[in-house]
Amino acid sequence: MTTAPAGTVRQVMSFRLRDRVRHWLDSEPVLAYLFMSPGWLILLLFMSYPFFLGIWISLTDRTVGLPSGEFVGLRNYTELFRDRTFHLTVINTFIYGFVTVPFKLFLGLLLALLLNQAFPMRNVLRAALLLPWIVPTALSSLAWLMLYDAVLSPFSWLLKNWGLIESNIAFLGTRTNAIISLCIANIWRGTPFFAVAILAGLQAVPQELHEAAAIEGANRVQRFFAVTLPVIKGIVVITTLFSIIWTFADFQLVYVLTKGGPANSTHIFGTYAWQIGIGGAGKLGIGAAISLYMFPVLAVLSAILLRYVRSQEA
Amino acid sequence: MVGSNRLSSRLVLLYLPLALFTIFLLFPFYWMLIISLKPNNLLLNMKINPLYLTQFTLDHYRYLLSNTDFPRWALNTAIVTFGATFLSLTSSILMGYALGRFRFRGGNVAGTAIFLAYLIPPTLLFIPLSQVVARFGLYNTYWALIFTYPTFLIPFASWLLMGYFRTIPRELEECAMIDGASRFQAMWRIILPLALPGVLSAGIFSFTLSWNEFLYALVFMGSGEMKTIPVGTVSDLIRADLFQWGPLMAAAMLGSVPVAIAYMFFVDQYVSGLTAGAVKG
Amino acid sequence: MTSSAEGRWLGGKLSRRALVRRMVLGVAAPVVGGLLAACAGGQATPTAAPQPTPTAAPAQQPTPTAAAAVTPAAAGTPTATPVVLKGTKLNILFGTFFVPETQDLMKQQLQEFGKETGVEATIDFINWPDLQPKISAAVQAGAGPDIVGMWDTWPSLYKEALVDVQDIVEKRIKGEGDYFDWVKKTVLVGDQWLSIPIGAPTSAQVFRKSALQQAGWPDPTNPPDTWEDLFKVGVEMKKNGMPLGQAFGHSTGDPPSFCYAFMWAYGAMEVEADGKTVAFNKPQFVEGMKLFLSYWKQAFDETGLSWDDATNNRAFLAGQIGWTFNGSSIYIAALKQAPDIAEDIIHHIFPKGPAGRFNNLGSWSVGILKYSKNIAGAKAFLEWWTAPEQFRKWLEIQKGYQVAPTAYYLNDPYYRSDPKLVPYVEAAKYGRNKGYAGLGNEKAAEVFARYIVVDTFARAIQSGNAEEAIQWGASELQKIYGA
């Protein structure tokens, strides 16, 4: 596959052979498969294969200390049906996914529109406001852990100092509080991604159209809907779907902040699968089944995504 | 476009919202910075305002750099990040090129299948994956991560580049090929340079995610000298039921800096690369 | 620079030659190299070791330290040395230690062992919540550390993956006397020793003497001894801004130490001694829970529902609470950071309830994984390290934080020299394993990992309904023990 235009190779090969190889390599299907092979090889070895292994595990009663385990059919899946904590997990995941994404979208759009204007130090601010998305979540979630801490939280301190509250707020102490706190941290982390993607979309908005619309007397809002939105619609849809998928499959934030507590009330798929599978109870089969329950939801979302992409191509 | 009271309108419509965003998005970093500079004996002193520093110390940074293996973690993280980014980018350029420019049977199926990769969360994957990694003898080597990170990088990067390659007119290569260039020459010398912003975007994307990854790094090679920054920080600075907040936050600051700098320089290219890829994608 | 590719194309309608020149200068070389690298990587077969390709990262070769523990002792070319172990490798994985010097000591001990035997041993410490996933993944993969430190109930969880160490344990028992009952119940798997007990940190009540005094407690050096008295004095303490502080979040240390102790003190258990009959929903326990709930708002810091193992340490040292359950880590930290608080601390053993005084205690242990390529070396190390000469050093450096698994060590000066720490040693007498009256087996481990006992309390606090919460707990326990 050393296809580089290396002079030595060329000299050694006879003209006819070279032409034939060249002709063959110029055929699009051959080239296409050749080009895709490294990527697919990696994905097949390190993704598809373990994925099917994962499906197999979900059909067994394998535990962490026992690398085999017996086939139990769909028992793990049906058992979860009766598990109340799992019901709550499903609900939480939906809340987490469908509440945060509109906020991220709205704030991200707003931020993108702002960052698209001209002002001094724009590049610095563009990069700086991306920080929440680009620093390691494992570390930034520790900062949030501290901000929400029952002892060290500066928010509690401030409110206490102003005499608005008497004792520290239990940011992560009740289900409602904890879910709101988790959502805020998630919105914080996700907004910049929306912003940068939409900002990218805005670059494609033709300025002439904007100016023409302005001359015709359209105000800012009208211009946004008439000129800007049609151009960025595609990227908004795609970013939204990606974000829903990522939020659904999130793990780190919830894991660091609540580990699913208090009283299992804040689990999402990732953390519950972790708690049952790898993080203690050791029931790998059920843990895998929990993760795989995500699959239909993600599959539907991806189908929408794909349909959309296709329709744009047509 | 501009009203008579231009300044005040800009103030309300631009600077004020920007300021609010800045506060919301950067406050946690401000907090990290403060804690990383705060002497230990003041940390739990609830009488002083925690929002600014009355004294500051570089002890936590000193501790991090001399009493822990932080420099080594940084080196590991850099090696893995560059390796994984390079591998993903190379595969994604080829993949994106094939999907974006070639007409062939199965092209659509291949494009669809790439998306399916997003359906599989790492939390599900890492147990079976650890078996694969061990079977290939990659356990606790850089290769374990260099080969596994592309699984979540290639799909997005390929998709981005596919969109980008589509924006480049086919006539360009056809023209070059009529002139006697081979398909490869046309690709390497003409199409790729034009796609550079897209490649850069995909590269930055891959770089970021690799730099930040935690779970695989913990499971596949989190031992001894092979820890990455996120794993090393969490495992060495949380001692049983005691969080060493100062060094933890110092590590968070130092761990974020390289990525932040990369963005500072490339943010424009990143954005423009996303533009073509995403809008057309 | 224009922003889209079309723009660049239109704006840069250069001659092909110019394009080519730019390309060659800019990108060609690395991309070609990358192609090669990608192929070399993709074709790696299970047997072939990955070859370092001449790519961007020069140091991609596996370092010969920890990683190499997995491979058979390749370097083992015995040059006429009598010691078989010479040149073999050993990797050990432990949770982090609260007293940082412990980790340095263990590294030193490894070096010493290395000098004596020629074994090249390395040790890693990982923070608690990440320890188990790492062991689990290693077991599934069949590669990883040779020796792991485990919490109570884990030996049952990993029983298929652990090497029998009966011979070493027998030597220990012969030399240092029998283990405590709570040790045996949490480390023994059936009647098999699959790991060697090393004791565990325990909890006790931690009081601020001054807070007790302020609350009008008659004798602050002799703090409340029953749960009810504790709650009562808590009400007064909270009035003075020094409430009781207890964690009820998803955390493996402090929340269980309260909840299990309270459950037992009020006559409930996970299961009967048969290991099958759930004995959780007991009238006495419901009454006890109601009592606790009636005091929750008046006596406790109500943010406790979100606390983890570390929060009460902070809250106590910040002067925000006047009582908590904890290991001696608060006191030891206070000695360094806040001597005035250390001075003001008194420790007391667990409170009594109607059914008695109990303390959740399970022993940590160290075990050897079956996939290890150096089981002989691992055994040699554990035998050497758990013998009093080394083990005592390890206990000593932890200043009594770790309670030894046998009475043999309990009169050592590091347990007795500071009178404030004596209650921790006393607590060992009241130790009961998770899963009591059954064994601390994999079922008890599952109950623990699912936080069922802890969540019963958390549910009760959230809903205010003791009956419902205990019913929920009982039904969850039934699912596990009844199966």
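Note that the chains take the letters A, B and C in the order they are written out, and that residue 1 is the start of every chain.
Everything below uses one rule, namely that a residue touches a chain if its C-beta (ideal position, glycine included) is under 8 Å from a C-beta of that chain, and two chains touch if they have at least 3 such contacts.
Since this is a predicted model, take the numbers as computed values, not measurements.
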item	value
Other chains in touch with both subunit B and subunit C	A
By number of C-beta contact pairs, the top two chains	A-B
Distance between the centres, which are taken as Cα means, of subunit C and subunit A, whole angstrom	31
Separation of subunit A from subunit B, taking each centre as the mean of its C-alpha atoms, in whole Å	13
Per-residue overlap in subunit C, given as positions that touch at least 2 other chains	3-4, 32, 35, 38, 41, 133, 136-137, 140, 142, 314, 318, 320
Multi-partner residues of subunit A (each touching 2 or more other chains)	3-4, 38, 42, 45, 151-152, 203-204, 274, 278, 284
For subunit B, residues contacting two or more additional chains	44, 46, 87, 90-91, 94, 127, 131, 147, 188, 234, 268, 271-272, 275-276, 279
Interfacial residue positions of subunit A with respect to subunit C in the complex	1-4, 37-38, 41-42, 45, 63-67, 148-152, 167-175, 178, 203-204, 258-265, 274-276, 278-284
Of all residues in subunit A, those that touch subunit B in their complex	3-5, 22, 25-26, 28-29, 31-33, 35-36, 38-40, 42-43, 45-47, 49-51, 53-54, 57, 107, 110-111, 114, 117, 119, 123-140, 142-144, 146-147, 151-152, 154, 157-158, 161, 188, 191-192, 196-197, 199-201, 203-204, 211, 214, 231-232, 234-235, 238-239, 242, 245, 249, 251-252, 269-270, 273-274, 277-278, 284, 287-288, 291-292, 294-295, 298-299, 302, 305-306, 309, 312
Interface residues, subunit C side, partner subunit B - complex	1, 3-6, 8-9, 12, 16, 19-20, 22-24, 26-28, 31-32, 34-35, 37-38, 41, 44, 46-47, 49-50, 55-57, 59-60, 62-63, 65-67, 70-71, 91, 93, 95-98, 100, 122, 124-128, 130, 133-134, 136-138, 140-145, 253-254, 309-310, 313-314, 317-320, 326-327, 329, 333, 337-338
Residue ranges of subunit C in contact with subunit A within the complex	3-4, 32, 35-36, 38-39, 41-43, 129, 132-133, 135-137, 139-140, 142, 157-162, 248-252, 301-308, 311, 314-315, 318, 320, 442, 445-446, 448-451, 455, 458-459, 462
Sites on subunit B touched by subunit A in the complex	1, 14-15, 17-18, 21-22, 24-26, 28-29, 31-32, 35, 43-44, 46, 49-51, 87, 90-92, 94-95, 97-99, 102-105, 107, 110, 112, 115-125, 127-129, 131-132, 147-148, 150-151, 154-156, 158, 177, 182-185, 188, 208, 211-212, 214-215, 229-231, 233-234, 245, 248-249, 251-252, 255-256, 259-260, 263-264, 267-268, 270-276, 278-279, 281
